[in-house]
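Naming follows writing order (A, B, C and D), and every chain is counted from residue 1.
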Amino acid sequence: MNKNKFAVTPPRGWNSFDYYDANVREQEIRANAEYMADNLKQYGWEYVVVDIQWYAYDTGTQREKYEYIPFSRVEMDEYGRLLPCPERFPSSVGGRGFAPLAEYVHSLGLKFGIHIMRGIPRTAAERHLQIKGTARTADEIADPGSVCLWNPDMYGLRDMEESQSYYDSLMELYASWGVDFVKCDDICNSRMLSGKSDAQQSEIRMLYHAIQKCGRPIVLSLSPGPALLERGSFYSEYANMWRLTGDFWDNWTQLRDMFERCEKWASYVKKGCYPDCDMLPLGWIGKGFLEERKTRFTQAEQKTMMTLWSICHSPLFLGAELTRLDKETLELITQQEVLALNSAMDNEVLQLMKNEDEAIWVSRNPGGQKLYVAMFNFKNQTANIILPKGLLADKDVQFETYHRVTDVWDDCEIPEVPDAYMAEAHGVRLLRFEQ
Amino acid sequence: MNKNKFAVTPPRGWNSFDYYDANVREQEIRANAEYMADNLKQYGWEYVVVDIQWYAYDTGTQREKYEYIPFSRVEMDEYGRLLPCPERFPSSVGGRGFAPLAEYVHSLGLKFGIHIMRGIPRTAAERHLQIKGTARTADEIADPGSVCLWNPDMYGLRDMEESQSYYDSLMELYASWGVDFVKCDDICNSRMLSGKSDAQQSEIRMLYHAIQKCGRPIVLSLSPGPALLERGSFYSEYANMWRLTGDFWDNWTQLRDMFERCEKWASYVKKGCYPDCDMLPLGWIGKGFLEERKTRFTQAEQKTMMTLWSICHSPLFLGAELTRLDKETLELITQQEVLALNSAMDNEVLQLMKNEDEAIWVSRNPGGQKLYVAMFNFKNQTANIILPKGLLADKDVQFETYHRVTDVWDDCEIPEVPDAYMAEAHGVRLLRFEQ
Amino acid sequence: MNKNKFAVTPPRGWNSFDYYDANVREQEIRANAEYMADNLKQYGWEYVVVDIQWYAYDTGTQREKYEYIPFSRVEMDEYGRLLPCPERFPSSVGGRGFAPLAEYVHSLGLKFGIHIMRGIPRTAAERHLQIKGTARTADEIADPGSVCLWNPDMYGLRDMEESQSYYDSLMELYASWGVDFVKCDDICNSRMLSGKSDAQQSEIRMLYHAIQKCGRPIVLSLSPGPALLERGSFYSEYANMWRLTGDFWDNWTQLRDMFERCEKWASYVKKGCYPDCDMLPLGWIGKGFLEERKTRFTQAEQKTMMTLWSICHSPLFLGAELTRLDKETLELITQQEVLALNSAMDNEVLQLMKNEDEAIWVSRNPGGQKLYVAMFNFKNQTANIILPKGLLADKDVQFETYHRVTDVWDDCEIPEVPDAYMAEAHGVRLLRFEQ
Amino acid sequence: MNKNKFAVTPPRGWNSFDYYDANVREQEIRANAEYMADNLKQYGWEYVVVDIQWYAYDTGTQREKYEYIPFSRVEMDEYGRLLPCPERFPSSVGGRGFAPLAEYVHSLGLKFGIHIMRGIPRTAAERHLQIKGTARTADEIADPGSVCLWNPDMYGLRDMEESQSYYDSLMELYASWGVDFVKCDDICNSRMLSGKSDAQQSEIRMLYHAIQKCGRPIVLSLSPGPALLERGSFYSEYANMWRLTGDFWDNWTQLRDMFERCEKWASYVKKGCYPDCDMLPLGWIGKGFLEERKTRFTQAEQKTMMTLWSICHSPLFLGAELTRLDKETLELITQQEVLALNSAMDNEVLQLMKNEDEAIWVSRNPGGQKLYVAMFNFKNQTANIILPKGLLADKDVQFETYHRVTDVWDDCEIPEVPDAYMAEAHGVRLLRFEQ
């Protein structure tokens, strides 16, 4: 299987983390999936992803002290494979795992994804559980020094044959459930035994091979960032998407910073390989973090985010609680031309310029008939951004051949082609020029 | 001008450094140019580049102590612009600079290039020389803390308007001489005031703009490496080629190491943007370094080098003294199909695998009719390398559709398609598969 | 209690590690203690220290794979305090811990010490054991991200009140056993959550306070090195000795390197505060490491080591199996004047010079009547070392007032005071000058 | 000569930098010296130091652009030795250098010091000036890559015999002028060719030897900091004082930070070896920096500074313009008991505790009859600081034997010994306890 075929355009869906943290329950997943099927599916939104610690009991009960309770009780089978906590995912009782939930999501015409931490549960190592299909036990493949900085559940695996067997057994199980997407954490940028941060290369390779063996085209997403540029070729070889930053939230500093990341990673974008700007913290978010709120992004910033993610071909995953989506947010995430730009993998895309005050990205279709120009205003106030015809000419854009200009977000034609365009504070003008 | 049009395939030529160090003289340049015109031009070799310190007197006279004599006498005009040392470049007398030499090179149907150090001569700063077209003097634009670690001639320039004027005046002069190629040093990876190493971004930008203004499509080559991956987009924006390593010489360790670099930089290769594996230390080299020798590379290593440079679209610059070229080296650098691979910018190129023992790169033409597979053997002994059909299938290469296989270096068809291919120690098998 | 009074001269004794690794048994401890009482006690050797993993079952049974078996069975009480493994320490049965063994050691006129790892057993955290005297459990004070790089047994403790209670309960137990010396590991230079290496300051402070509370003057030794110079004042405040290097073994490279360390740490030596050059790998060592051997140090190197450790006031701990001690080694470690130098805390000590070939240290008694000069030869061959009278004069040593010179190791007077002294390869001349 | 005898107590004097920057003139030096002779000499203040760039013309004329004008005109002899600029130091005309000024300072019963930059003037290298007493020229000993980050005047020297000759010729000249104190800059913590920061060890050694040869006991002060702890032994060997920080100015953040430095460096303080907290920015300062002002330190902070510098045995150099000294400042710097504490090199000194809110240092005379306790309040408001009797007991201070307590700054006895003492925001209580 060519993993680049698993996702020929940037994956698009919803993820439970931004609203629920580690505490989402089955009914909430179903409700969000239903909303997606009814309102978003037609725009290409299709993945429903259950994020971190679906296997843990008591999540969220000590939220003031811990995001992840250390040494907590987890649901696990005899081979050290985590199962959904039946208190939170009732359909999983009787060892059925996520199969019933995945089946329901599929019945809605959608795809089903889950989050995992790399490695094997610490408690499996303490209990010396058997690795399926091998004569070894968990304490032998677990590396006692390979622990995650921020989550206490797992040990990373040694680079040995039975570790591959463990991952094989995992993906075999998930494939049997019908999982379409795996977001693996503490693996893209992770602390090594040496104290250095790096990609956990041997575990990424094992996951890749386990997916190849399982026979199901499971999209592999690597977390957390910042991904390491020197591992760009490596990620491209083994995964479908990798995170450019740590957790992305609703503040301008992080959004502004994403421009540097997109610039650096632009050369790595291709079909099946997506540098990932992380979830979109839109609508209602933060409940599981005890900070329930409407996104702090202004309307202008939301458009800036949608435009940047789209023009750079980032995956798009909604963080909002879908059942509470307001009209403005719904319009924002269903703007067809913006979403089409996100999927237009054959376009030529480049950042034309960036300075302290503004950035300009362009995306041109293969024939050159349509030229998109996104002009971003970094200032804290409205500003005029000049169309840099000289820079376009340097890139062989014969600007004089374009005679019509349309504002994409406003969906209106601009009578004559001006030299400068006004953009709100932290906002964007996304223009389509046509020959 | 679109700088990517200045060199739509990787530049190919000769450079004086590997044989002459800083000591080349006009007659030697002419002799090498003549050899190129007579024997190599038809294969696409066209640039003749005078490397470092053509402006200095006494180069090479204290070779045991210094590569570059500190505080040495240099030839310079009233605006602090370096001129060829007339003792070594007689045609430059009377302020004619490199114009006569460039004219001669052009008359042979070739192109002419020079090396420069970023910045302004230290002695120009001490003498407070005027910056052409401005009211400022050299001491005002020279940054006294911006010195090169390894060459004592220059001060880097402050980021100010008159520094741009200085670079403008330089490129105006070089364009008037007929220079087609500038290799600028201490700029791609250079020590900053902070002690950190980085690209000298403001000076690269100034050079770019100076070239744009001068009206001549001068190819801009940045040195030395290792180029910084996080500046990949930046180099792509402003230059045509940038060095992946420090000076590359004729030893297996450096050659073996180049595979890591090529892998990392593969995403940045495109028309007009060439990650540069550095000069080819073939034939007779080392004279100026008091180590005159025939290259220490074995025949097998030479083919490995030519194959890697070519399949990765690196620029190709010969380090050999051309007038002493032997038959084997001549054949090596005029293998038409290998050179065609180097220029085939529309091919899809990727490293299929790499481990401690071997690497495999493939290059496929747009229609897919021709598939090149380069199998590199890193071992110190002959080895069989297995054609990894599974990996090719992962990349959607329908291997069963290819029925003919040819050994490119041996130029002979292989009767039936074997599963494994024998390669010499440090050697390569370059195969062409055809549908 | 003033911890500097716990050890007013550098501690001197024997440690089980160099010969037994983690596998020492009670009978072996007793045998070594008996040898010490009979042969070494009169020279000031007094501590008998049981090194790492005395609480673990199965130590040494998988020596080819692990030095420390991960997730192995350990002996532990209901409060998560480790106890001696009764299979290896029979007198500890019935919860008596090390009390019987300590009592026996004391009966010989010696002192008893143990090794501990900082933190609480991982299995105590998994099992949520209670912390003595508190309402909290081990999972609450264990920091799941604070693991040792090289030993899998423990979790470090969070900086909280109940962590202090845990250490208090430990020292209370050890004091009740009669422990005189605690060597705590993974604490002097240890990896932090941040990936940085540093002293585990909060746990060192807690140990200090626990010792103060326990009422017994337990000497606190911190391991491993290299200790961090910027923590020099901190170590001095809370501990009695701290290691200057990682594990020190019998090779010249490490011995040679110790000179740099001693130089750097000389300013921190004072009564109760001893930069620690680590155990002396003399005699028979290495058995537990499956490398049983007589020390690889030459006689000359052994004297160099003894001289350096002594003149710099390092603690002296023998690594040799005492019951197999040969005559030469016994003489080496019972040279009375060298040992007296080690204890002479009122002497003025300084490194007079050091270069690639030699180093000279001097130690002068308060009245100045006796001047010791240690001349170390770093060369691989015999060399003459010149007595640097000028440097002595720079330090106000009126050299002309010294009229007698004695070779300390040879114990013979040298007829007239020569200007230069011959020293063997890697050897030393230790001279006593008298007024 | 034993350099530790050159200054058996911390040097104490005045330095031109804080008030005049690089622009001081002879008359101003004389005026300050006269003030010192009349008012401060009796309290041990004795050095008068001319700080940076006394050799340069035009200093201060472009203050908005540069602190140090690059490539400026300097006064220099035929051997590349800098001389006082005669426009600013009229008595130096006719090649007399600083001899007349030093003679005047000496006539007042004071000592004379100068600042130098390490290395040789850049212009001497460009002009190939001869090195006195050798056949070599400045371009041969100057290292073109060894430049100061912040001052453009000099090149560092290569580690070669003629570099020693240059420094010898310098110290010979300065000794002939009567210089008593040399503050050498860009040498204590300086950028190396490698980009790393370190002490310029070879140049420090050369300066030391040059001073030894010159026959005059010139105190050697190294600048700038932060000095490197791992070079502590090295500085102690070759210099008399070394700076703990970069330039110290009149703000609380820097003053607060000095406590960490003093703690770290306490082990290195001894007669002739003084970790240096830098000049005291008291009174009127800042004129040369175009920020003329009275110190921004509050009275409380000024006492904190004087107490910390004194109890830690830091050198004391006044930054104030002495001729404008007010009564309060004069009292502050002439408090006899505080100054005596500064000179009491036989006292036992230690930091008793330090946390976020407070620090306590103690200094006890050899017999123990007098115990000084300095209690520093880091808070932004008045606070009560408890006398930590337990910690004192840990240090074997029998506190019950002290019956009288005096407030040193207030010079009044406190009737009964309280348990806590009130200190102002950022202030100190300095107490003397007597048996």
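Going forward, contacts are C-beta pairs under 8 Å (C-beta built on N, C-alpha and C of every residue); 3 or more make two chains touch, one makes a residue touch a chain.
Listed by chain with UniProt protein names: A, B, C, D = Alpha-galactosidase.
Keep in mind it's a predicted model, so treat the numbers as computed, not measured.
What is the set of chains touching both chain C and chain D?
Correct list: empty, since no chain touches both.
Select the chain at the greatest separation from chain D, using centres from the mean of Cα atoms.
Taking each chain's C-alpha mean as its centre, the farthest from chain D is A.
Just curious, how far off is chain D from chain A if you go by their C-alpha centres, in Å?
Chain A and chain D have C-alpha centres separated by 57 Å.
Please report how many Å separate the Cα centroid of chain A from that of chain C, as a whole number.
52
Identify all positions of chain A at which a residue touches two or more other chains, and write them in rising order.
As it turns out, chain A has no residue touching two or more other chains.
Make each chain a node and each touching pair an edge, then name the shape: line, ring, star, complete, other.
Graph shape, chains as nodes and touching pairs as edges: a ring.
Following the definition at the start, I'd like every touching pair of chains, please.
Every touching chain pair, ordered by label, is A-B, A-C, B-D, C-D.
Under the touch definition given earlier, write down the residues of chain A that touch chain B in their complex.
Touching chain B from chain A are residues 1-5, 212, 229-230, 232-233, 236, 263-264, 266-268, 351, 393-396.
Give the list of chain C residues in touch with chain A in this complex.
70-71, 122-123, 125-126, 128, 139, 142, 144-145, 147-150, 152, 191, 193, 195-197
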